[in-house]
Amino acid sequence: MTGQPALFPRLAEAAGEVWRAYTRHPFVLQLASGDLPEACFRHYLVQDYLFLIHFARAWGLAVYKSDRIDEMRRAQRLVAATLDVEIGLHVDYCRGWGLSETAMASEPEAPATIAYTRFVLDRGLAGDRLDLEVALAPCIVGYAEIAAERVNDAATRLAGNRYREWLEMYAGPEYQDLAREAAAALDEQFARRGGEGRFPSLATAFATAARLEADFWQMGLEAKR
Amino acid sequence: MTGQPALFPRLAEAAGEVWRAYTRHPFVLQLASGDLPEACFRHYLVQDYLFLIHFARAWGLAVYKSDRIDEMRRAQRLVAATLDVEIGLHVDYCRGWGLSETAMASEPEAPATIAYTRFVLDRGLAGDRLDLEVALAPCIVGYAEIAAERVNDAATRLAGNRYREWLEMYAGPEYQDLAREAAAALDEQFARRGGEGRFPSLATAFATAARLEADFWQMGLEAKR
Amino acid sequence: MTGQPALFPRLAEAAGEVWRAYTRHPFVLQLASGDLPEACFRHYLVQDYLFLIHFARAWGLAVYKSDRIDEMRRAQRLVAATLDVEIGLHVDYCRGWGLSETAMASEPEAPATIAYTRFVLDRGLAGDRLDLEVALAPCIVGYAEIAAERVNDAATRLAGNRYREWLEMYAGPEYQDLAREAAAALDEQFARRGGEGRFPSLATAFATAARLEADFWQMGLEAKR
Amino acid sequence: MTGQPALFPRLAEAAGEVWRAYTRHPFVLQLASGDLPEACFRHYLVQDYLFLIHFARAWGLAVYKSDRIDEMRRAQRLVAATLDVEIGLHVDYCRGWGLSETAMASEPEAPATIAYTRFVLDRGLAGDRLDLEVALAPCIVGYAEIAAERVNDAATRLAGNRYREWLEMYAGPEYQDLAREAAAALDEQFARRGGEGRFPSLATAFATAARLEADFWQMGLEAKR
């Protein structure tokens, strides 16, 4: 496993417009420019909290689906990162936006949240661990690409932007490393469990996942103000 | 298993407004009165075709999740009913609406289709067979209730209604029997695998499934004309 | 999919001695020569009945794990072949050996039955459908190879052999066709879902499954007389 | 959740002789008296290492099957306890017996190891989290009962017993607490997901799991010296 990630860029390229519709969704552009209405962001934050619970379930499933101890440990680290760190950080961050964990936990899941999370889990159970990780990649690796692209964009305004912390967290070195590790894992699994024959089916699942992630932004954007 | 079904009406009652928002959704009312735009119905038909594939997968999963041969046989009959009969009838019916199987199979799944089908499959894999059947009940048993209610409603117009065949199929004795059998199976499983302690969680899943089914109608209604 | 099956012979070759220890197990050789004690065969028949239930579950799981309708239909046919035909034939055949279905259903599963069946199901859930079918292949395709090899062997005695019917069923054209179809499906799936990178892991699972099948014969052989 | 565990003792009582055949297996009695041949213990240690990998997979599956964050965290703690602590301790301990991790990892799984671990995973996937935890209970809670019973038994010889460390670890307060927590979790889940209707099926699975655990001891006892 050396050099640049190879599978992820191929999948993103194959998704074409669908990938750009997700990574450059108006929700993201408005977030970067600071123009996103706060109600949209709050709605997104609540659903992202509910999303994280199923994200942790997906990595628990990956522990089960592992063939080797090192694979198990990587999945376990992501369960722990989600349950011990991310959910905690998210809850702290949301408190700053006036959202308590109790309030978020009692909100119903939006259809867009259900659609993406359950699609991922079904890919993971119907397929193997590579199918699972490919369905998760638009989220894990995609967020890193989105944030990096935005902080380097001329239209982005960091000074005085109330969403700056969000952008800088995902553009920051820690998250970028995590995403790079996830992209490298895709290559490692594609070499060991894949082969070109699988590419069309993986590309279809990746594109569907990207489409469902775009719907997730759209759900935020359409939040009642 | 004698007498009236018990669990299904309790679940529907617990879902309250959510249940009525699904069973008396404008899509259904307009279908019964004949006022539903054809584009809406066509969009629904295409997505229902894609839905049936995952419905068959759910009953395949139920075969795996069976404890006893009679349970397996019932699940197998529903796989066969879906793959051998329902999909075939659906394809024939859709041909009458100008939709070929090839065309339907190449359409992307709508988010509403993904959300409901994958929610059901996840309930089935995270939980046991009772969880799976409860998540399927708003569809199987619900369609029977919807059609029976509509054909007995004064606002329904059967004569000259281009959707009459659809209504009469689900209101007809064959489908009503199938739904009654599904409701009876819920009681049998609740007795054998359940207990009152499970009711709150089953009711929550049932209500979510009903909400996602209402979204499915809504997707039809919002189809571009 | 034309020409000879390719993946199955490679897997059998890679399993080497393990494969021969299964396909030429003393149980099989004694069955072919007619020397197998009846108590051994009866014990095998009972456990094979219990095995078939989990075999049907495995094909139900394959319905769930299918990507395409034609894949679903093939899995469905195998669920039906097992539940509607094989179990029925098996029950009829066992009656001739003085074993009633009720008696067989109330026997505890032998550890060897549990080990093989649950290993297959775990491969199927941890991996994808190719993993599942590879774990099933020593059974489905292996039985055809075993019976064909035995009926063509000089040491085999058909005349007056009380196990003749068993040998001729698996050596017969109907079962041989089913096995050939299963071997062809492996190739089709390896082309579409595989790649050389997967071979080592598939070969390991195949060899383990063959070892567990040999244990299944051994369990028969060790039955108390 | 107050007072004494209730479900676990009922399950053990229902298993009757099967439970005693496991908890008072000759392997355990000889281990307590110090008479167990070292080859038997070494074989057990190697297979227990392979067992722990699937034990961690089972708790990863439990993360996926959780309904609530607190349930997820408990499963996550058990994944971590297994992968970060138990496997490490086991590897250290085995080194003292001349067994390296590399050597253990390259041993084939014994049929008894496969039978118990895959039975547990299948119960967990076919059923719900209560089914999974009940199948695990003979291991987690059983080991605590076995060790406590042995250290309080007159026939046990701790002084000069080369297996003393093993006995004292499982009889020690830390492991006893973990087992009590696991038994309490069974009650909590039986209240929330259960009901008397489930008891017969849970009792059957528990007894099968206990039987497979007894086979695991037997495999150790039969190790070639």
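We just call them A, B, C and D in the order they show up, numbering each chain from 1.
As a convention for this text, a contact is a pair of C-beta atoms (placed from the backbone, for glycine too) under 8 Å apart; a residue touches a chain by one contact, two chains touch by 3 or more.
All values reported here derive from a predicted model rather than from experimental measurement.
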item	value
Candidate from A-C, B-C or C-D with the same interface as A-B, over half of contact pairs in common	C-D
Magnitude of the superposing rotation for chain B and chain C (Cα, nearest 5°)	180
Of all other chains, the one whose Cα centre sits farthest from chain C	A
Chain D against chain A, contact positions shared by both copies (same if over half, else different)	same
Rounded Å distance, chain A centre to chain D centre (Cα mean)	37
Intercentroid distance (Cα basis), chain D paired with chain C, Å	31
Separation of chain B from chain D, taking each centre as the mean of its C-alpha atoms, in whole Å	43
Residues of chain B whose C-beta touches two or more other chains	57, 64, 121, 125-126
Residues on chain B engaged by chain D in the complex (per definition of touch)	64-65, 67, 125-128, 131, 190-198, 201
Residue ranges of chain A touching chain D (in the complex, touch as defined)	53, 56-64, 66, 69, 72-73, 75-76, 79-80, 83, 87, 105, 121
Chain C residues within the chain D interface of the complex	57, 108-109, 111-112, 114-115, 118-119, 121-122, 125-126, 208, 211-212, 215
